[in-house]
Amino acid sequence: MLDTAKRKEMLRTMIKLRAFEEKLEELYQKRAMYGSTHSYRGQEAVAVGVCSALEPKDLIASYHRGTGHIIAKGADLYRLMCECMGRLDGYSKGRGGKMHMGDLSFGFLGNTGTVGGTVPFATGAALAAQIRGSKEVAVSFLGDGAMNQGVVHEAMNFAGIWKLPVIYVCENNLYAMTVSVEKSVAIKHVAERAKGYGFEGKVIDGNDVELVYAETLKAAEKGRAGGGATFLECLTYRWDGHFGGDPGTAYRAKEEIEAWKQRCPVKRLKEKLIAEGNLQSEEFEKITAAVYAEIEEVAKKAQASPMPPKEFELESVFAKSEVAHG
Amino acid sequence: MAKAENLQMPQGEVKEMRLQEALREALRYEMARDPRVFVIGEDVALFGGAYGVTRGLLQEFGDSRVRDTPISEAGMVGLAIGAAINGMRPVVEIQFCDLLPLCMDQITTHAARYYYQTGGRISVPLVVRNKFGTRPGGGPSHSSCNHGAFVHFPGLKIIIPTTPADGKGLLLSAIRDPNPVVCFESHHLYGVKGPVPEGDYTVPIGVAAVRREGKDLTIVTCGGMVLKADEAAVALQAKGVDVEIIDLRSLAPLDKETILKSVAKTKRAMVVDEGSMVGGVTSEIAAVIQENLFSDLKGPVVRVGAQHIPPPHSPPLVEAILPSVDGIVGAALRLAEGKRK
Amino acid sequence: MLDTAKRKEMLRTMIKLRAFEEKLEELYQKRAMYGSTHSYRGQEAVAVGVCSALEPKDLIASYHRGTGHIIAKGADLYRLMCECMGRLDGYSKGRGGKMHMGDLSFGFLGNTGTVGGTVPFATGAALAAQIRGSKEVAVSFLGDGAMNQGVVHEAMNFAGIWKLPVIYVCENNLYAMTVSVEKSVAIKHVAERAKGYGFEGKVIDGNDVELVYAETLKAAEKGRAGGGATFLECLTYRWDGHFGGDPGTAYRAKEEIEAWKQRCPVKRLKEKLIAEGNLQSEEFEKITAAVYAEIEEVAKKAQASPMPPKEFELESVFAKSEVAHG
Amino acid sequence: MAKAENLQMPQGEVKEMRLQEALREALRYEMARDPRVFVIGEDVALFGGAYGVTRGLLQEFGDSRVRDTPISEAGMVGLAIGAAINGMRPVVEIQFCDLLPLCMDQITTHAARYYYQTGGRISVPLVVRNKFGTRPGGGPSHSSCNHGAFVHFPGLKIIIPTTPADGKGLLLSAIRDPNPVVCFESHHLYGVKGPVPEGDYTVPIGVAAVRREGKDLTIVTCGGMVLKADEAAVALQAKGVDVEIIDLRSLAPLDKETILKSVAKTKRAMVVDEGSMVGGVTSEIAAVIQENLFSDLKGPVVRVGAQHIPPPHSPPLVEAILPSVDGIVGAALRLAEGKRK
């Protein structure tokens, strides 16, 4: 059983993820943010549960809906915000935007806008750990939609045959853009597919941050001990549209959205802590206010930061020498 | 190769519409006419396509012929090839050209070579539509221009419509073509309006359009860059340089005849493309022109394309790598110097 | 239960497949055949069992080891032999060689040299049948090695969600080139993966031509009735090396090869028919001799046929008008 | 860009070996030196690679660092990228270049752009080796030349060694390079012998070799076509045309300096490549030369490449589409006409 301090920390981080998305959405509406948002609201328990169970040296690979993952793993909010806004101080100097970043200083292997594209990276990072005998595990976040990409299949097969220390965290939020998972796969749970690769696949409540934490911890220990890969299908839901500007209602019933909002991961942990007597409403409000204020600060600072100059550098494409890794 | 035609005002009933709608017109028209035509792709049915091109088709033609797919680019192209072999006329939507490398094998090794490698026994009438174009906020995986890479693979036809009329006419020709056709649709042009003929309107694949006549210098271009060339031509006219603009419309087969005829007249050529200048459309066309008209040319064939850098996210970086109207004008002036002196 | 005439026909076809490979091997040694051979010896029961259960309008897609499939489906031996030998009378006019052919007149969708590449074609052909309401089923032959190609995963998922009338016939001959299936997948039977796509996967003895026939018939009826896809994992073995010139012993034990030769599909049916009193040894010898003589004839004729001229035609790449299909 | 060097006889201890063996030498040398280097690919371990390049590595370095893979081209490249990000130096063998389109997305959208799109935070030191070349019996899926298509994608280095010494030297540089490098190894050259320096011998990426000096005409070429250019040069010498041959060795970065220096001297240029002439290496180089040396040139830059047709199976068809020594000689004579008159 997790101690209260850790659980409060997770609660705080979930609020942070949410506040960040809300600020981003606001900036998007104001056209201060470039590209599209991909709101993580509603799915916070997955990123926070997983990343809280990892060690700093462990690695994650993320995808288009990646802000939550990397904040939970320890990203600097200012750099992240700057990247969203195309600023020079962004993680990628404004070159990549929020779908294209990576920074090993906090164990972030990277994300891309190609669905499923980074799943082999986590798998390969785990291969590196295995060859070297270093003990980090790698987590590959992926959406339900990514399950039907060829390269994801290939990567998972590698994880199976070589018993790689990798955890596939599939966030099944029931939709890939506007196409429901029922239309995309013919089985109830994609976790079933893990069997075909020779490792364990579990279906868990992705809105229960403590459960996600516990299952990740188990999977990580197994991976470190040479037990190979684990697949966790986390059932969850995105509250917002697929991207900024999509109300998300053309292909989803209002009732469905409402029902899932009732299962809010933040509310759930909050109420549990309160019921246990480990949290007061006022304390919760205070945490929330502090987090929102922090995000507000970050956004202000980012908005005041410089854009990249209107210049290209052919040298920005090739590394001149090795970037220090790890 | 058919004769090049000027960009004529289409005959008969005409309706003003966006390129996006004109493409939809072609799909609707042909689906109504030919029961073998069907449409598959991510979000094409219920949602009507990420850019609205397939909007309404589900309602009109039903879910057997308008199908949302899982996120499986290679698989959907492969299925479409199989369906084409077995007598259908599939049209696949790939959400953006950055995803074409995922189905590159199916397109370039399979669809493109099937007719040849079966000794002409089996043809693959397949259309793969996709959006391309570099813009702020897209970034390295969402706003590429890779049409230039496909030119190198034999067996493909490649269309790249500029006007809404060409959008309808070329796409209709593509669906009716017995060969695989890749249709590159410019992000920058989807919303641009123009007159589109009603009914059975086709534009032949492999025929460029002389978009503007001029005598001093030829700009060969395609896609969204055509609009920049238009602007540049106006600016150049003011400076005494009379520009002819060739809108390629097809990259394969390439309408060498129209290009060479124009350059033989103007004796100065520039190629403008949104893709990287290295190893792309600009290279091929420059090579062709100098190969055929070496002694006529008054100067080198000048290439104006994107810098050889992945498409960036931030607006100033995007601006910095793309061809600009000023850049085109400047290069044209340098090239035309001989004339103006 | 299959009648004797049909079974004798299957026996005869199996011998024909074998005789063809042996002739090809001989031509390869003499450098009269271009490219590599991929001997089908040992696997005959799969192609013959499957294709004997299909109707003429049904379709097959094949792969590099494809000679057996297409002979069983009804290919013209002369055209096939010519293609192997790069002759103008070949199925592909010498352009494709035996890995690149296709002819709908006998329901052959085509094959290619890219492992797994044609699996979506059979799937898409089945989609065409479904949209049109025509009742043909499509068979996709594939090797065990092809199971780890991304596009195969994607295609099978389509078959599952759309309930397409397709049969995946996976010839598990235990090796993909020199890499054993045990090193390539972490489960005992790849048929397991069919579950992940929502359809039935069966493991069957691929050297029992009657069983292969019966299972194919069932799967085809199911497909025609709208019951969707079936996956048949046929356990079998290639007697020869992967390609002409590979003795096949660098990565396989001699004992293993010998053991599988004992399970020869031809011998098995022959002995059964003899035991039943439905075949005499002399009759078998007569059939065999006739088949080998036929192949000999074909090879002679092919060797005397013209090579293509040393010319290329840019027009050979594009169809001018639609090729009549079906 | 470093200065071009002549094809010098390597210094120090030298051993005669085939290109195939020289590549193996590079792998062995670097695996022994750097524990981060590992090799994966189909049949590379137990079998030693489809062309024997990795023979013996399993025995020497063990099955953790020499791994047979399932048939998963995209997956293995993707895994290698992940391992590279996490500090390793993977070398992937793709059995032949026809399979590169299967992993095109991982190579061109991911590996190639990672350094750029992470703002320089992460580099991807990855080598993807593959065999290319058109020959009888390969046919449309087994004997392509698609190196020309990769040139269009920013962020990749591309090497294409001709001599065994360059094979060793370039591959060693590639493994040590912090960026993704695609190594195209010619089917026609694997068995060709030459002297190879022992020990730590590298050849810089991006530097072409002047393989033969001459004053009348420059042939720019690479891979297996270098040998045809050699032959052609001898024939041309007999006819009074003194040919300079540039062996590119790297396609990206392209050594423009060496090319332009040579053509500035000879004033006549030809580009010979085994890939299709349309939109490939020949186009890019022709475009570059005419762009930079237009007024020096005595004739157009002539392209000699494969016909724009999939690689055929039957020997006469293969012969018909490939550049031939006679074809090169004929084209060179036409181009050099001015001189000989």
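To keep things simple, chains are lettered A, B, C and D as they appear, and every chain counts its residues starting from 1.
Here is the rule we go by: a residue touches a chain if its C-beta (ideal position, glycine included) is under 8 Å from a C-beta of that chain, and two chains touch if they have at least 3 such contacts.
Predicted model, so just to flag it, every value in this text is computed and none were measured.
Peer 1: Which chain pair shares more contacting C-beta pairs: A-B, or B-C?
Peer 2: Between A-B and B-C, the larger count of C-beta pairs in contact belongs to B-C.
Peer 1: Hey, which chain ends up farthest from subunit C, C-alpha centres compared?
Peer 2: A
Peer 1: Any idea how many Å lie between the Cα centroids of subunit A and subunit B?
Peer 2: Going by mean C-alpha positions, subunit A sits 37 Å from subunit B.
Peer 1: Rounded to a whole Å, what is the gap between the Cα centroids of subunit A and subunit D?
Peer 2: Distance between chain centres: 40 Å.
Peer 1: Based only on mean CA positions, could you tell me how far subunit B sits from subunit D in angstrom?
Peer 2: Going by mean C-alpha positions, subunit B sits 31 Å from subunit D.
Peer 1: List, in ascending order, every residue of subunit A touching at least 2 other chains.
Peer 2: Expected reply: 92, 94-96, 100, 112, 114, 117, 148-151, 153-154, 157, 161, 183-185, 316-317.
Peer 1: Spell out, as numbers or ranges, the residues of subunit B touching 2 or more other chains.
Peer 2: In subunit B, the residues touching two or more other chains are 69-70, 72, 74-75, 98-99, 102, 105, 109, 113, 116-117, 139-141, 154-155, 308-310.
Peer 1: Show me the residue ranges of subunit C that touch subunit D in the complex, using the header's touch definition.
Peer 2: Interface residues on subunit C, with respect to subunit D: 34-36, 83, 86-87, 90, 92, 94-97, 99-100, 112-117, 145-146, 148-150, 176-179, 183-185, 250-251, 307-312, 314, 316-317.
Peer 1: Report the residues of subunit C in contact with subunit B in the complex, numbered from low to high.
Peer 2: Going by the criterion above, the answer is residues 59, 61, 90-96, 100-104, 109-110, 112, 114, 117-132, 136, 138, 150-151, 153-155, 157-158, 161-162, 316-323, 325-326.
Peer 1: State the interface residues of subunit B toward subunit C in the complex, per the touch definition above.
Peer 2: It comes out as residues 38, 64-65, 67, 69-70, 72, 74-88, 90, 105-106, 109-110, 113-123, 125, 154-155, 157, 178-179.
Peer 1: Spell out the part of subunit C that touches subunit A in their complex, as residue ranges.
Peer 2: Listed in rising order, the residues are 148-154, 157, 160-161, 183-187, 190, 192-193, 195-199.
Peer 1: Considering only the defined contacts, which subunit D positions touch subunit B in the complex?
Peer 2: Those residues of subunit D that touch subunit B are 98-99, 101-102, 104-105, 108-109, 112-113, 116-117, 139-141, 144, 146, 148-149, 151-155, 252, 254, 275-276, 278-284, 286-288, 290-292, 294, 297, 299-303, 308-310.
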